[in-house]
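Next come two complexes, and both contain chain A; in the first it sits with chain B, in the second with chain C.
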Partner chain A sequence: MKKAFDRAFTVLIAALTAVSAAALAFVIFFIVKEALPLFETVSLKDFLLGQRWMPIAYTGSVSFGIANFIAGTLYVSFAAMVLALFFSLGCAVYLSCVATDRQRSLLYPVIDLLAGIPSVVYGFIGIVVLLKLMMKLGVRTGSCVLAAAIVLAIMLLPYLISGCSESMLKMKNRYMPASDAMGISQWHAMAEIVIPAAWKNILLTMVLAVGRAMGETMAVMMVMGNANLFPRLLGKGETIAAVIALEMGTAEYGSDHYHALYAASMVLMLLLFVINIAISLLRKRLLEKEV
Partner chain B sequence: MDQIIKIQQLSASYDGKPALKNITAEIPENRITAIIGPSGCGKSTLLRAINGLLWQEAGAAVSGSVLLCGTDTKTISPEELRRRIGLVFQTPSPFPFSIYKNLTYGPLYFGHPTKAQLQARAEEVLKATGLYEEVKNDMKKSALKLSGGQQQRLCIARALTVDPQVLLLDEPCSALDVKNTQIIEELLLQMKKDRTVVIVTHNIAQAQRIADKVLFLYEGSLLEEGSAEELFACPRHEKTKEFLSGRIG
Partner chain C sequence: MKTKDKLIRLWAYGSMAAVLAIIAFLFLYVFARGYKTVSWEFLTKAPAGAVLGMEGGIFPAIMGSLAFTLTAVVIGGIPAVAAAVFVVFYCKSKVVGTVIKMIIECIAGIPSIVLGLFSYSLFVRDLQWGRCILSASMALGIMVLPFIEVRAEKAFRELPPSMIASSYALGCSRFYTVSRIVLPACRGELVSGIILGACYAMGATAPMIFTGAVAFAKVPTGLLQPAMALPLHLYLLIAQGATSLDTAFGTAFVMMALILISNILATLYARRRSSQWTRS
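So, the complex of A and B:
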């Protein structure tokens, strides 16, 4: 009786796992299926490298080039990561090496809470606070890539901080006592041992953060201006995710526009796959050597 | 025989729980002193008191004093104190970089040695710990790739790079096999020519083999101390007898 129950349970959980895996397969299949018809009318090269995005023929011909959107996605993600990295390394050093256990146990939940704020709220605060500031700095409407990068950087902070400080804390606990016993100052040991030893994990966390940043839609869309321009720090730009979110509702079913948006999703998905593959390769290569 | 370290009425407690009770003892210069006693008797705490680590631990309340060459260690800066009193932990803890860099870490922090001086120092301590022949061709190798015994000898070598007067060892052989234990014991016997060694050990036979003086701790108190010969041949205290015969441990 018990054996039969165990077997049934095994089948059940296997089925649940299969459904989750199948969901991914289905999403991929559906996106690819809806994206491919576009390439009957537009060449892959024009799609990826073209700068003109004119999905509806108001004046002249239609054109589907997403080069600027790809550039915008990459630009804003990396800019956000660089900004966030600067802050989170500082936070992580404080949390792992300076803060007492009590302070840590108070601060970690606070930082984790940052991750729980809905992205539309970040976008809203970005509009109200950041765009005004940008206007004062001379950006005409305030909307720009820099504003989006700042908002996105704040959204990345909790992931970067917890990732970096956890690995630094681990290294500190492992190596600091020996350094301390030699009479070497904490700051010296941090710079010479803790940060270099945690570096591999920090790199992994960074790649993970870029992956998250590339998929973020709402907050970025609200402050980036959404104009099809090649991204500059103080100019407007648009990400792939924003194009899809903004236009999917109005694209006619089965039109080239509709298929082009799916093709854009496919590109975004591919970018994220590349990031994920990079992470698993890095993890294997970097962490296997650790004892 | 000079007493290099004097421990005077040292008491310590963690969060109100006493760990050391009014310990007064002396540690002779250029000798090996073994601290023995059952688990949790305060051996490691006493060791950490000697190089001042105990004072900076969170939750530890300490009273009494430790004198190094007649000077209260509280008046010596922690850096200076720990340069003069090295400590080797139970589990080998090499830093995650090359063997060579492990050995230059301390000297570079405490001074501005030339490249040749660094090289000479590294070779000297590697020879002293019997590691030189084993690693001379791959000094650039990661220290984490060494075997457990080699790692522990590297840690001893690393402690020696800053030329401490006293070397404290906290059960340095408990994770090692017989052969590596033997190498380390020989090395400690060599070392006492120009250094004082204090070793915490759970292993009575080890204390018998190498120690000149023995301190027996029991539940935070120093129950008995004396020369190794005396203490092992005719322990005076009942608890010492029980411990040596293996009835408590």
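So, the complex of A and C:
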């Protein structure tokens, strides 16, 4: 009886795992399947490199080119990551070297609150605070890539801080006793030993953060202006995710527009897969040498 | 040398202060501008007004959000914990483990808007469920699955191996070990992971825009009905322009308060559990 129960549980667990793995794999398959019909009418080159996005033929011909959206996605993600990295590294130095265990156990949950705030709320505060500020600084209507990058940078902070401080703490515990014994000042040891030693892990965290940034939709969409332009820091831009969110409701089911949105999703997904693969390769190469 | 040390010190203290200031600003700003709007009426009435949402409350949106979140956590949470148990305690082949891990990582990388698009095509259109709580919760569930799985797996792997080994050595079956030792020992992390996953699902707008959340609906009574949701309600209020700014702040207030409370509860629970376990 007991044995049968045990076996049933094994089967149940295995089945649940198999079903979820299969369902998740199906999601990827489904997106690719819906994307491919587009390439019967539009060539891959035009799609990736074209700058005209005219899903409906009001004037002239339809055209699907997402070069600007790809550029917008990459631009805003990297800008946000660089902005956030500056503060995250500083915080990580503080958390790993200055803070006591007690302070750390208090500060981490507080910083994690940032990860819990819904992205619409970020977008909302971005509109009422940041865009007004941008308008005062002379940006017309206020919405621009810089505003989106700032909002996105704040959203990335918790991930970057926890990633950076974790690896710095590890390195500090490894090298600090020896450096203390030699009488090197704590801050000097931090700059010359701990940060360089943790650099590889920090790089991984950065790549991860860029991936996260690229998928963000609502907050970015609300402050970036959503115009099909090549992104400039103070100009408007549009990300792939924003195109999908804005046009999903109006695309006719089964039309080229509909398939183009799927193709855009696929491109976004591919970008993220490339990042994922890069992470696992980096992890292997960087961390193997370390041990 | 000395100046460099000083600069680093300044940088560390400065960034920490800046980040804490940002966090304080976000919460205080929303609370300060939202608290006037939030009243018992606001929490228990339906939205009203010439431009919808200008007056009235957000009761259907709160209930709708709860419905979306609960359904999503059931859809995503159970398979997530099961998959974590399987990967850590049952899976013997390395290949199968790696494949499962890879799929979960890939899904974690898919942007939520793409999951929304997927759910829209498959559940709303192809399977004819229409826009309803279930369609949106499928997207949300897939979104939180990796989120919860990663946390559960981490908790399982951090258990002392000696504990598991002792249990096997005493002749306990795997089912007994998992249900009587592993799950109780990790309950704190599991519950907090699920609560945080629920917060994540509650705040997500992108997957539900076209799959289940609507601008106005009554309090839902079944899973195959569309419903209002707090984040989408907030988005629409802002999209209307300046007329509904007060109710927008009120809605943001409610969401931030929910997030804050659940985060505190999750942290406290996980801590209490882990201290109980390490003491005994």
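Here, the second predicted complex is superposed on the first by the 291 of 291 C-alpha atoms of A that agree within 3 Å, B and C clash if a C-alpha of one lies under 4 Å from a C-alpha of the other, contacts with A are read in each partner's own complex, and residues count from 1 in each chain.
Here is the rule we use: a contact is a pair of C-beta atoms (placed from the backbone, for glycine too) under 8 Å apart; a residue touches a chain by one contact, two chains touch by 3 or more.
Keep in mind that this is a model prediction, so the values were computed, not measured.
Residue contacts after overlaying the shared chain place A:V128 against chain C, while chain B stays out of touching range.
By the document's definition of touching, of the two partners only chain C reaches A:Y262; chain B does not. Applying the stated contact rule after C-alpha superposition, one finds that A:G249 touches chain C and leaves chain B untouched.
In the superposition on chain A, contact of A:L204 is made with neither chain B nor chain C. Judged by the touch definition given at the top, the superposed model places A:G215 against chain C, while chain B stays out of reach. Touch counts on chain A: comparing chain C and chain B, the chain ahead is C. Once the two complexes are overlaid on the shared chain, A:T100 sits against chain B while remaining clear of chain C.
Using the contact criterion defined above for the overlaid structures, shared-chain residue A:A191 touches chain C, although it does not reach chain B. In the superposition on chain A, A:S179 makes contact with chain B only, not with chain C. Shared contact residues of chain A with chain B and chain C: 185, 188.
Looking at the complex, you find that chain C touches chain A at residues 1, 4-6, 8-9, 11-16, 18-20, 22-23, 26-27, 29-30, 78-80, 82-83, 85-87, 90, 99-100, 103-107, 109-118, 120-122, 125, 142, 145, 173-176, 178-179, 196, 199-200, 202-206, 209-210, 230-232, 234-235, 238, 245, 248, 252, 255-256, 259-260, 262-264, 267.
Against chain C, in their complex, chain A makes its touches with residues 2-3, 5-6, 9-10, 12-14, 16-17, 19-21, 23-25, 27-28, 30-31, 34, 86-91, 93-95, 97-98, 107, 109-114, 116-121, 123-125, 127-129, 154, 157, 161, 185, 187-188, 190-191, 211, 214-218, 222, 241, 244-245, 248-249, 253, 261-262, 265, 268-269, 272-273, 275-276. Contact residues of chain A toward chain B in the complex are 100-101, 171, 174-175, 177-185, 188, 192-193, 196-197, 289-291. Those residues of chain B whose C-beta lies close enough to touch chain A in the complex are 51, 53, 58, 78-83, 86-87, 89, 93, 95-97, 105-106, 109-110, 142, 144-145, 155, 158-159, 162.
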